[in-house]
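In the two assemblies presented below, chain A is common to both, partnered first by chain B and then by chain C.
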Partner chain A sequence: MPERITLEEWDLRYERLQRTGLSQPHYGGPLSRHIEDGDQRLLKLRYDNSAAALRLWNFLLTEEDRLRDARAKGKKLIGTMKDLGTVPVMAYSFDNVTAFYPDGAWWIPCVMELSAGLLSIADSLGIDESFCPVRAMLGAFLTEAHFPVPDMLICSVGATCDDFSAIAQRLNGLGYPILWWEIPHRRKPGPDEPVVSLPGGFTAPKCQVEFVKSELEHINTALEELAGAKLDEEKLSAGIKEANRVRRYLAELRELAFTAELCPLPALEMLIAEMLAIHFCSDRRETIGVLKELLDEVKARVRAGIGVLDAGAVKIFWVNPVADLYVMNMLEDCGGRICGTEYLFTHALDLIPEDLPALEALARMALADPMVGSSADRAERICTDIRRFGSEAVIISRIPGASHCALEGEVIGEIVQENFDIPVLEIEVPPVTDSMRPTVRTRLEALVETIKARRKR
Partner chain B sequence: MKKIFYTCPYVPAEWIEAHSLKPARVTPNTAGSATAVIQREGVCPYARSFINELITEKGADGIIVTTVCDQMRRGFDILARRCDVPVFLMNVPNTWQNVGVQKLYIDELRRLGKFLIDLGGKPPSDENLANIMLAYDTARASIRAARGYLPAGKFAEMIAAFGRDGPGEEFTSIKKHELLIEGVPLAIVGGPLMRRDFDILDIAEQAGGRIVLDAAETGERGMCAPFDRRRLRDEPLMELARAYFGGIQDASRRPNSELYKWLKSKLIHREVRGIIFHRYVWCDMWHAELRRLKDWTDLPVLDVDTTGDNETHRHRTANRIHAFLEMLK
Partner chain C sequence: MIYAGIDAGSRTIKVVLIDAEDTRIIAKGLTDQGVEQDKLTLELFESVLKDSGINKKDVAAIVATGYGRNAVSIADTTITEITSHAVGVRRLVPDAMTVIDIGGQDSKLVRLDKGGRVRDFAMNDRCAAGTGRFLEVVAQRLGVGLESLGRMAAKSRSPAAISSMCVVFAETEITGLLASGTACEDIVAGVQAAIANRIIAMAGRNVDLPIIFTGGVAMIPGMDTALQTALGKDVTVSPDPQMTGALGAAILASNHITKTGT
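After this line comes the complex of A and B, so read on.
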């Protein structure tokens, strides 16, 4: 039966699965071995008990090995920053390029429970706790302990959050060259402007799509120089098709996980699965395999009418990723389940058009980034998904220090409540919530109780 | 004449005036958190103050916000929902090195022009635009020339008045007193200052300093480059874009190496001996530059972080500036 289990329980289950002939990829093994890498937070989490989830976790937690292996094999490493999904589609269209997000270091303070010292290094560089936890990235660059220093860094700026832009500039000031590219604020087309539809339902004026395409052309040239190979239309189109395979699996997974009567997969595994879309966890082919297995598991559970949570779990739409993964567990412990997410990268989940010239398709995708447009746009999309998934409440999870969190919550909350009679709760989630666990838990419990009481009305 | 309010230095006042509308650059007075409409943690006091003033402002016929920083960009969402007057969000690129982004800035000026016409403005002729640019350029030159003859607070107020009122007689015939202020030559570096924080400049001068470089966004750093008079006649819009987009160096630029080149030249030329680095809490763009600036310069740097509305902070700031000057003297 599906259930959420502790790491200790996973070890026992792992032994049982092995005895029954568990087939694992080369990076497989018991989850508890990652504790030796310092990933202390794993001890506090609860995990889905499927072999598919085991593969997902092992895949996630071995990314550093994959990057070092890629370098050892002579592949070029690209550190793509901030755009969350666009440049990796280009990079993985080359045979000899691996792309990853150094931004992902923002979860290291959580996973290692602040023991890695990355935030202290950021402090020493003048990037203190008033910045988003992504500042951990600075420490990761300096220590070189969590990922190899990439051969090239590519960072989108313009309509992005100030924290990241400022931290990337700090990195640049420390001597790390960065290829900057401009992503303009997505705006509504004027009455006399040609309109272009974007993935996810937004629109933009044609001139903005053309501008972004020209920026991507610069990146293309830089990637070609680094890779020593041309990225022609055929290769890039093939790359888009592969990225769409990932997105199709995720779309199906999300649909089932958010609409099944019984929740078939916990929020934490779903969060990680969604994250795979942005840079394929440094191995696109394996990402497809991991997601397929996860989807098969979920389909089987839905068919069997079984799940990991109670039938009455309250349906929550979650906005922004959590800096502390534990909070996803906490929501479920309080009686909630995730039915709808907006983790800042919906553009990495929407299908990339395959009937357009490849770079134009990617330009459209980049402009569909929810963070590139207004908070009102973002709220409208959230409303669309609330309708689709039947969410009963919205939680806006503030990222400490993040510039977008200062004002967006107010706009999103207002628009959601203009459209639905559902509660909106805003909470702040630091990388490790232990000291404020009672507060966060009480607020989540109160929300769940409120909704359950409303159901009886 | 209809009034168009804005605060970002990358908005060319000349362009608004050429559309027969009145540009008014807002220098908000205080973050006023007790009465502010926006009461949320993490909001930059300057952005909060700007939003708050415009929500309660009755004299604006249009508002321009830019994308230079994320909080202002998102402030647009609030203004668009709360204000009765039309609000325009102007895309100002952070990158600057390729022709594409320079063209984007010019295209945005043209789009702004349409907004202004929709508000009742008139399409400008090149000649009209050039004449207005000339008047602004002359006034700016006059203000710049007055720098060494005015206390820094007065100089900042003059720039603010110019932004609010545009060129007038008072800016072309500035009375230049013999410079009375002596003291340790200082620079103030940072983002914009609210009006109430202009007194930081006075405090520094009362403590024995002399602000020879106001590199705040509301100071001379936020003034566009002088116009090339020939290009101004040939292609005024292009020259306007060059002087603003290419002439104002800011921490938000990517890369922002030109800011440091600009600073280096000014610091050397004006023989600066100490830097007051001013930032508002939650302003990531400038906060992130503090340590870099300290690493970059041999000059002592005093970090002054303020909330824009707190008397305790003001006393603390005054004490820190006094201590800084004592050390420098």
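After this line comes the complex of A and C, so read on.
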């Protein structure tokens, strides 16, 4: 039966699965081995007990190995920063390029306690805790302990996170050259401007799409020079199709996980799975395999009418990713389940148009990024999904120091409440919540109590 | 049947016993919170029973609420203070639509529906700037008792502007204000306004009347006026404001028994 189990319980289950002929990829193995790498916080989490989830976690936690292997095999490493899903599609269209997100290093404190020391290094560089935990990236560059220094760094600026721009500029100042590209704030087309439809139901003036396309052309040229190969329309279109395979699996996974009567997959595994859309965890082909196995598991559970949580679990729509993964466990411990998410990269979940010239399609996708549009745009999309998934409440989590938009919570909350009579709760989730757990838990419990009382009306 | 509610707050522990027939409070007690939370709670509970001549066996169910609710071993179940305060306030003020609770460590604003159920709520973040702790800090810094704050604030002609969103930094501001000769009365009024403004920031635009003010800080004179000024709406201090959480928990204890049938 599906259930959420601890790491220690996973060790026992792993032995049992092995005895029954568990088939694993080369990066497989018991989860507890990652503790030896220093990922101490894994001890505090609860995991789905399926072999598919084991593969997902092992895939996530071995990204460093894959990057080192890629370097050893002579592949070019591209560090793509901030755009969350656009440049990796281009990079993976080459045979000899591996792209990854150094800013994904903000996850490191999430699993490694603060002992990794990355945040202290960022402190010493003047990027203190008033900045987003992405600052862990600076430490990771300096120690070179978590990923090899990439052959090229590409970073989007403009209508992106101010914190990240500051952090990336500091990195640049430390002697790591960055190829910058600009993403403008998405605006509504004027009355006389040609309108272009974007994924996610947004629109933008044609001139903005043309501008982003020209920026991507510069990146294309730089990638070609680095890879020593041309990235023609055919190759890029093939890359888009593969990226869309990932997105289709995720779309199906989300639909099933968020609408099934019994929650078929815990929030934590869903969060990790969704994250794969933006960076493929340094291996696009394996991402497809991991997601397919996870989807098969979820389908089987839904067919069998079994799940990991009680039938009465309160349906929560979650906005923004959390810095401490434990909070996703906590929500479920309090009686909630995730039915809808907006983790700031919904554009990486939407299908990239396949009937357009490839760079035009990518430019449209990049402009659909929730972070480059207004909070009201985000809220509208959230409302659409609340309706689709039947969410009973919304939680907007904030990370101290991370300000995607100073008023996003308030704007999203107001628009959601104008459309639905459901509670909206804002919570702050620091990278390590240990001392804050009673406080966060009280909010989550109170929200669940509120929804359960409303159901009795 | 008798039911008990225990509100294990950050500064004090409160116990209320009610008669299920009419949810009337038949006994209550309060003690300071400490390190040994469970022991302190048990001692208080037993002393309330003893003083009221009630046998422990006659208490059908106990619900714990408040920050330390999970440390109360005698509780049959726990319920958050958001729900408990809403139920407690509604018992005392049946038409209440908004509850503002300012405690020693946190503050919350709870919106109710017409049936008295929680519609929505907001709580302060980690910082103590919108809580009773802020008042304790200022009282300590000025060398006065908490009970004097209201009287002092009432004398203020020009409340000081406390710009800081953080108690620690605000203390530095207070030091600066004192050094520049600002009257203590103006500082107290400024701090009360700062707390009230933090609550307003949580409340947003829609706050329905009647607004009932509860929690330990509601007993500090002047805070209701500060809230009223900031909100531009009438704010009424709840009867027995320190006990509303425990009262709500006791009422919820009777529901718990009804529901579980145990």
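Here is the rule we go by: the second predicted complex is superposed on the first by the 456 of 457 C-alpha atoms of A that agree within 3 Å, B and C clash if a C-alpha of one lies under 4 Å from a C-alpha of the other, contacts with A are read in each partner's own complex, and residues count from 1 in each chain.
The criterion applied here is as follows: a residue touches a chain if its C-beta (ideal position, glycine included) is under 8 Å from a C-beta of that chain, and two chains touch if they have at least 3 such contacts.
Just so you know, these numbers come straight off a predicted model, no measurement behind them.
Between chain B and chain C, it is B that contacts the larger number of residues in chain A. Once the two complexes are overlaid on the shared chain, A:134 sits clear of chain B and of chain C alike.
Contacts of A:442 after superposition on the shared chain: chain C is touched, whereas chain B is not.
Looking at the shared chain after the overlay, A:126 reaches chain B, while chain C stays out of its contact range.
Judged by the touch definition given at the top, the superposed model places A:410 against both chain B and chain C. With both structures placed on the common chain, the touch criterion links A:382 to neither chain B nor chain C.
In the superposed model, A:246 makes contact with neither chain B nor chain C. With both structures placed on the common chain, the touch criterion links A:167 to chain B but leaves chain C unconnected. Common to the chain B and chain C interfaces on chain A are residues 410, 414.
For chain A in complex with chain C, the residues that touch the partner chain are 410, 413-414, 417, 421, 423-426, 428, 436, 438-439, 442-443, 445-446, 449-450, 453-454, 457. Considering their complex, residues 67, 70, 79-83, 106, 115, 117-123, 125-126, 204 of chain C touch chain A. Residues of chain B touching chain A in their complex: 38, 40-44, 67, 69-71, 73-78, 80-81, 89, 91, 93-95, 97-98, 100-101, 104, 107, 111, 114, 251-252, 254-256, 281-285, 287-292, 294. The touching residues of chain A, when paired with chain B in their complex, are 125-127, 130-131, 155, 157-163, 165-170, 172-173, 178, 180-182, 184-185, 187, 190, 207, 211, 214-215, 218, 374-376, 398, 401-411, 414.
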